[in-house]
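In order of appearance the chains are A, B, C and D, and numbering begins at 1 in each one.
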């Protein structure tokens, strides 16, 4: 059977992560994220992002994190701006609205929100009969695998400052974003420009877990109350704490992401002559446009996801992960080469 | 340093559970709980509780589970009945109210809701200016370590049937309840009498995880949508699926609980002459009443939790777990014996 | 000073409505909508719409009604489909999202949702990671003054039946819709095709009040609980009851709406040669496109609302009401004639 | 037929209030509470309560007001303290919980919350697993007709200041409270001691309407957004504005309340020898304890409400209003005298 290229959360966890858990198996730890592993992981993450006055919390998954953070930042009449393609708008079954807040969408470009989008949205919502934009939701990497540039982030920060908005970055795939080819955003920039962001573990080699980072601990003052209110406080918070501690202790976090990008780049390079790419992903997601029949075969053979389709063609998503090896990619690359040969 | 008796979620997981994860480390699994481990775990659990037409879902923690299930079962004007001491009423930072529903409290006895409590609450809320009771929340074991009898559960079921209410059992400590001394409730009874219940993993030897069981799959029709809406759907659902598969494949689930009860019983037996117990716990929680000074020492030396206090005395909670060994208990027992000697 | 053409809720109430209140001033009535006036008004309305098995409730305003009805019809993971221009999407400060539900928007045409929009939305939201469409929100007249045809409504009903959706009509301006030129929808059709609709009083001659009508009383079984939960149950429910009783006892309701339409038609007819209309309103709202300077003058002199603007032009809204008299319109008409003369 | 003593919201409105509406019938007013009447009413109310820097908003009813204000003041993990007998806890169908917040109850005395209750509740909710008390809800007059003393209010204010809590007074019956015999609380005290309170119109001579008063306009900065989000913003806000303007222009507001108290006092005085009072009401509600048969007769003949009952006796509530005349009371008084005579 071929290796699956369905997504980046098909495997349990990186061997080093599992080993860390095994090594700690005899410990007894304090509950609810107040243990030594969580404390140390927090320190390592704050150091990495250059924000010693920040605060870190470990939650379990992306939708949970988005809804928990956004409902913490907003009052009932406030809304969050998002790209129409944003995960919170499309793929979270109305979780943010479920906390009582409108997701105010802009069309965006390449899955990204621009400074102009923010300005327009604030101007549009002009009185008390309309929502008040209070937060800007972006994801990096985006849903379509693109990454923000340093200039784009700085411009968003300016717009947020001008209008008193929070800039919140969904970093479910922050690892692949920061280690992607051409990326010019550093960890320090993220720490400086975002009010809140998270460092994804579920899609980057851990059993589960997202590290929510507040740039300024003062903003997070009551966040533990809020986490509990949202049912998102793990009794055994030390499990996530330990995994993040391990991942940030020697660069493993970025190593795992690099492996995902490396194999994705390898695939991209290898099929470039035979495949039509959709969008501008530079991370571990590859979107290829195919005829319906070939799309169907690709999906069957490699468990890929159908991304979209129209009458004549389909876009299929290929995803690599920390666990993908170059050798695993060859069958997939072979598929595209074969396809090419059969063309008249 | 002494072993901690703080709670039953201080340790990572039972070695067999960890081994199962290691053994599966090279697998690729389908996401969101649709994997083979979760499917198999569901089958094992439904078999165990004797409800082949039921349905099982794996969530991450107790508060999350309570809020997710209850908000699924109720319409906005409906309320859940609970003991005043109920976890949802006291220790979840208003999570159920956070989903928009009143927790209607009754005083109860020994941490338990009675048939009469249900009848009275339904009669009291008599018109549209008051909430409509729609669900009855019970926990087994209760917050105070007691367990429901078969007769009590059957009576509650009758009251629920008469008034069209859902009976929901919080089973965060279901293992200790079902394996406790004197318990006369079987798994089959739970499956037959509760509309929804959960089988706790976090407090019984797993890294995390609660298995929510619907007696009738039809009631669960849209529960996956609801889980996602609440941010409670794990991308790597197979992690919990695998742990429950392992725990229910050869009785390990109940073995772990028995170990917790066994050591608690050992402690109870050993200190019976020297300690004043509070309440009627027969499970892995022991509540002892002490002078303030001794309570403080016990807390310091064994990391116990202060449960309550008044001017002259304090109640301290001692908790054992799957990982507690009899030898671990001897220092604790010694504490009580020493205390006795110092008495004039 | 000129008469204002700001909106249709600038005046207190029709003299006959006020007289009815005065005539009843010495009465004592049962509270919470259980009085004889409300009961009689319900009967009159159900007769008018041909649904003897329906049920009527009197609320206070439009946003309140939309949020109360929609949150009654939906479970947390369900969403309501609306035109992007829909009142619930734009002008209610996120009230529907405030009840926890996504407003899923389609672009629509002329402010109207089509059968195809419904089909596409249902198909798009294909799994549990996306919301479940459960209700279709339409307004008649729409935000832009257009009305649904009988064929359009029947087609929507079919789509709703096919997918198990509720069809909910916002009738804040139902009077003007049903009495507008070219309208081919009867009251009986509304009663037959909509699961829930409301008959607007606030924008049609009453002090306040919207009559929510359920086609089938069974669906409304717990609606009184829900109204109270939403803070929408008036202690003096008989005030609205009496106003609707009066309005539906001799055709006054439709007379008031006709007067609004009549004067709007008069204006439209009179300025047709001099004004550029935007959209296809046939009801009591007129949208005219003007140069920026003239738009500004029109707004100043007649308290009209600026609807939208771009660099060179602006759309201004002119609204008539039950209280507008033809003579009141002449100054407004004069404004357009004067404008014309000044053109080179 | 006898006059009803069911409640204080059985009549439409005081003749002077209705006259004010009639006199304004030809006006056109700005919508949404931005009209001249509302502005003037705000000024009159702020003058009356001695808080020139405050801000006033006109809502429609009590439950709506409680839920709207409390959800404005609190974050998701915060709770409001209330007496167990508080209206928000018993008679609002979970409206406050419907906004996502726990109502944390204390038993209180005479329907009143004490400084000690506040201190205990804050101390009890000691960590992030429990709600955070943020607001104290009191009603004056209370549900049982009692009133707060100046000393009690000052003590509550102190406790609130010590713990950063908002003091919110439900003034649905503020008129009767401030004009009751023995009351020592002035309007100025209310304005000074409460962060937010409301001045009830529905239960004091108006068609509907509650005037929400913020002591400090800064706290109300986004309240108009919030009102709209909650569906509580009336398009014809000027109706309530005008009624409050009239009521506060020459003391009519307090005159109406005095009339209710005057007739209640007259009844109390007249039946004192023949009736057993329950509780210590000094306002327009009278609670009398009767045998079951007599209670039933009283309810039948005067449309009184059954307040509570046990096996042998029942408590019946008698309520007077602005519209009750002394002559109306004589039949009721006669009922008690007759009853006395029939005693053996």
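Here, a residue touches a chain if its C-beta (ideal position, glycine included) is under 8 Å from a C-beta of that chain, and two chains touch if they have at least 3 such contacts.
Being a predicted model, the structure only gives us computed values, none of them experimental.
The interface with the greater count of contacting C-beta pairs, when B-C is set against C-D, is C-D.
With centres defined by CA atoms alone, the chain at the far end from subunit A is D.
Centroids of subunit B and subunit D (each the mean of its C-alpha atoms) stand 42 Å apart.
Each chain gets one centre point, the mean of its Cα atoms, and the points for subunit B and subunit C are 51 Å apart.
Separation between the centroids of subunit C and subunit D, computed from CA atoms only, is 33 Å. Among all residues of subunit B, those that touch two or more other chains are 76-77, 92-94, 98-100, 128-129, 131-132, 225, 228-230, 233.
Every residue of subunit B that touches subunit D in the complex is listed here, in rising order: 76-77, 79, 90-94, 97-103, 128-132.
Across the complex, subunit C meets subunit D through its residues 3-4, 6-7, 9-13, 15, 18, 21-22, 24-31, 60-68, 92-95, 98, 202-203, 207-208, 225, 228-236, 238-239, 323. Contact residues on subunit C toward subunit B in their complex (touch as defined above): 32, 71-72, 75-77, 99-100, 128-129, 131-132, 222, 224-230, 233.
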